[in-house]
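In what comes next, subunit A is part of two complexes: it sits with subunit B in the first one and with subunit C in the second one.
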Partner chain A sequence: MRKLLVIEDGNEYEEFARLFLSDSFEIRAAHSAAEALALLAEAPADGLLVDLRFDRSVESDLVGDIEETAERLFAGERTSAIRYLRDNQGTLALAALREAGYDQPAVFVHDFTPRRLANLRRLYGDVRAVPSFDAGSIRQALEEEG
Partner chain B sequence: MWQRRDAGAFRAWKSIDPASPEGREARDLLAAADVHYRQGIELFEGGDARASREALSAGAGIAPIDPALYLPLAQVYRERGLDESAAKYYHKLIAALPDSEHARTAREQLDQLGPGLGELFDPPAESRAESASLADPLPLSLIVVGAALLVATLLFLFRRRLAPGTSLRKLIEQSPELHSAIAYLIGSLRHELLKHRVGAVSDVLSGLGSRRASLDQLAFLSDRLYGGVPLIDAWAAHLSAFTRALGHRLNLQRDREFRNAGRAIQAIIALQPQLARYDPKALDRLARAHRQLKGFDKHLARLQSRLVRTAVDDALLDQVIDEVRGEYAVSSVALDQLDRDPVDEVVQIEVPRVDLVLILKNILRNAIMAVARDEGDRRVLISTRVDLEPTGEEVVRLSVRDSGSRALTTETIQARDVGSGLGLVTTAIKRYGGAIEVRPASNGYTKEVTVNFFRVFEDED
Partner chain C sequence: MSAKELASRLAHDVGKYVSRTARNLPEGQVPEVLIGMLIRDLYAIDGSRSASAAFEELAGPLEQLEGDARIGECRKMLVEIDGLEHEVRVGEDGALRRAAELALEIDGRLRAISRELSGAAP
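Let's look at the complex of A and B:
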């Protein structure tokens, strides 16, 4: 059976995957980039299902340098930087995985604009997106050949 | 008036033309109150009398009770052995809806109560005769009471409609300075409530329609709609966030789409007991409420696409340069160079053009007046750049470089110490979610003041 790694801050994606995708995928879940790296080091995965926003993550779990982001994008405003890192944490977690050499297809449940999806593909290779929690579309996105 | 438990109040509210704004509002309020009344009855049934009283009071604070609810209320009293109270509510129901199926049930159940209770609360013979002759012309006193109820109701509803504030749609048209906040609020509502809770149950609902949903999937649906923070509280929290951020200028009651979405959420809440019994009609109603909320999500997406956008192009930079050059103080400064780099790619940002021009003019004017104090080379250059972020987003950087020797730092600008207006510009930039910074520059320039805004992607890009 194919292996799917879910990366999210809560457990909503995992619950959804276990209900609708467990007939085709063996499912594991990570709640931070660090945990995802650890799980992938233990056993490989064939695909990644990644949440975009990590609203509930604590600062120490976030990928991304808060001070540097504040300096570069928000004229030093730390609060804005933390919010930005949380809002986009899924992409940054994917960046960490790619940097570590993991190149599985990554599926986001988000209605990215075509331009932003193209940017993510430019940065991280095999990135796919479905606009809503539609099990058929998510399954198709995970299973289609890259 | 309706708070005196006059059963006629409910009828009066329902009688307002549903096609009128007052009629629609009356129905909204009745629906909102109904949720509390039903919760109150359920809580009472579960033995939590205090919470039940609170829920029933909350309902009474919104709108009158549907007399049909006297039946389940009476039944709960009966189940708890409080026969006298049960009889009281059976009689209230019979008096309010004498010809209904509910009244027939009430009469049957009343007969089964302890001896004497049926008769004890039976209306006297002449009163029964009155109730039986409801089809006859109404006595003048009843007409007067009914009219007074209607007027009171209309006044109440008019007061609500006259409350200050405008709809979100109009606020978007009128107040571009709020667009950045509105974009965030809409984004959060769509993500947290409409995507993760409502949107996530689409597959289970489809499965239920074709009888393919498993027990686990039903549990998932129940958890998303009825578990954790109650859906109605999550909805209320989002509405409060809108009000907190946008203040008295916003009145979401004026948005038909928000009212309908609120109604759909209330419908979902009210369906919980029926869904627990797998009532097929309840499943249909749930699917309908779900479709309404999906439609609401699309409406919000359309609102997001209407937020103000300005193209950063050559024409914009030329306008900034021309207008600053035309100013009296600037025109007297002899410059060795005032130029701009061509814009490589036209991009859009969520700032009204008039404000963007003012921001850039302030920065450019400040740079020119800074080099005017120097004897040496007096050079100013305006340019744009778009940087790709690791998140896939893009940041548009609008920069003004100058050769002036006067020191300037980001901190100075943010502390509003700059007499020439950059401190005030900072406030405008922050209002649109942007940032300003000062960095050292090269190639004959000493410093670079840069304004950053996130690029807005066009869907058709």
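Let's look at the complex of A and C:
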């Protein structure tokens, strides 16, 4: 059976995947980039299902340097930097996985603009997006050949 | 937070999650496991808040979006969903279907607003 790694800050994606995708995928879940890297080191995955915003993550779990982000983008304002990192944590986690050599298709459930999706593909390779939690569309996105 | 950021957040935090189960309800009798999931989507987002409370928390402070009639429509639909809570919790089929229908309408409107503000609308 194919293996799917869910990466999110809560459990909504995992719950969804276990209910609607577990006939085709063995499901595992990580709640941070570090946990995802650890799980992938233990056993490979055929696909990634990634949340975009990680509003519930604690600061220490976030990928990205808060102080550097604050200086670079927000004139040193830390609160905005943390919000920025949380808002983009799914893509930042994917960047960490790509940097570590994991190149599985990554599916986001998000209504990206075509421009942003193209940019994500330029940066992170095989990135797919489904605008809503439609089980059939998510399954198709995970199963289609790259 | 700008109107564009707020609209994106509303679409993500409310529209996407309120419709998570609603979009996948099967024909015929709805299994208990899906009723439980729908209840969490509508009345216990993040484990505690109703979708209407999450919506108001985000949409309330920003006047720029209040001028959009679709925000008012979403608010009304969320109030209707709140009014169906008892029937949804006991699995009454008509209420489940109506709540799901409203959830999809809300998601569609919030995504349309977000798309328009991000410049991605056709």
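In the analysis below, the second predicted complex is superposed on the first by the 146 of 146 C-alpha atoms of A that agree within 3 Å, B and C clash if a C-alpha of one lies under 4 Å from a C-alpha of the other, contacts with A are read in each partner's own complex, and residues count from 1 in each chain.
Heads up, the rule we're going with is that a residue touches a chain if its C-beta (ideal position, glycine included) is under 8 Å from a C-beta of that chain, and two chains touch if they have at least 3 such contacts.
Treat the numbers as computed from the prediction; the structure is a model and nothing was measured.
A.B. asks: When the two structures are superposed on subunit A, do subunit B and subunit C clash or fit side by side?
C.D. replies: clash
A.B. asks: Quick check on the superposed pair: does A:Leu92 touch subunit B, subunit C, both, or neither? Answer first, second, both or neither.
C.D. replies: first
A.B. asks: Quick one: classify A:Leu123 as touching subunit B (first), subunit C (second), both or neither.
C.D. replies: Touch status of A:Leu123: first partner only.
A.B. asks: Quick one: is A:Ala135 in contact with subunit B, with subunit C, with both, or with neither? Answer first, second, both or neither.
C.D. replies: both
A.B. asks: Does subunit B (first) or subunit C (second) touch A:Leu19, or do both, or does neither?
C.D. replies: In the superposition, A:Leu19 touches subunit B and subunit C alike.
A.B. asks: Applying the touch criterion given at the start, work out whether A:Lys3 contacts subunit B, subunit C, both or neither, answering first, second, both or neither.
C.D. replies: neither
A.B. asks: Classify the contacts of A:Pro114 with the two partner chains as first (subunit B alone), second (subunit C alone), both, or neither.
C.D. replies: In the superposed model, A:Pro114 contacts both subunit B and subunit C.
A.B. asks: Go through the superposed model and pick first if A:Arg78 touches only subunit B, second if only subunit C, both, or neither.
C.D. replies: neither
A.B. asks: Of subunit B and subunit C, which one touches more of subunit A's residues?
C.D. replies: Residues of subunit A touched, subunit B against subunit C: more for B.
A.B. asks: Contacts for A:Arg56 in the overlay, against subunit B (first) and subunit C (second): which applies, first, second, both or neither?
C.D. replies: second
A.B. asks: Need the overlap of the two footprints on subunit A, from subunit B and from subunit C, as residue ranges.
C.D. replies: Common interface on subunit A, subunit B vs subunit C: 12, 15-16, 19-20, 53, 55, 109, 111, 113-115, 132-135.
A.B. asks: What residues of subunit A sit close enough to touch subunit C in their complex?
C.D. replies: 10, 12, 15-16, 19-20, 52-53, 55-56, 109-111, 113-115, 131-135
A.B. asks: Write out the stretch or stretches of subunit C touching subunit A in their complex.
C.D. replies: Within the complex, subunit C touches subunit A at residues 9, 11-13, 16-17, 19-21, 23-24, 33-34, 37, 46, 107, 111, 114-115, 118-120.
A.B. asks: In the complex formed with subunit A, which residues of subunit B make contact?
C.D. replies: Touching subunit A from subunit B are residues 191-192, 195-196, 199-200, 202-203, 214, 216-217, 220, 223, 301, 388-395, 410, 414, 426, 435-437, 452, 457-459, 461.
A.B. asks: Help me check something: in the complex, which residues belonging to subunit A touch subunit B?
C.D. replies: For subunit A paired with subunit B, touching residues are 12, 15-16, 19-20, 53, 55, 64, 71, 73-77, 80, 84, 88, 91-92, 95, 109, 111-117, 119-120, 122-123, 132-136.
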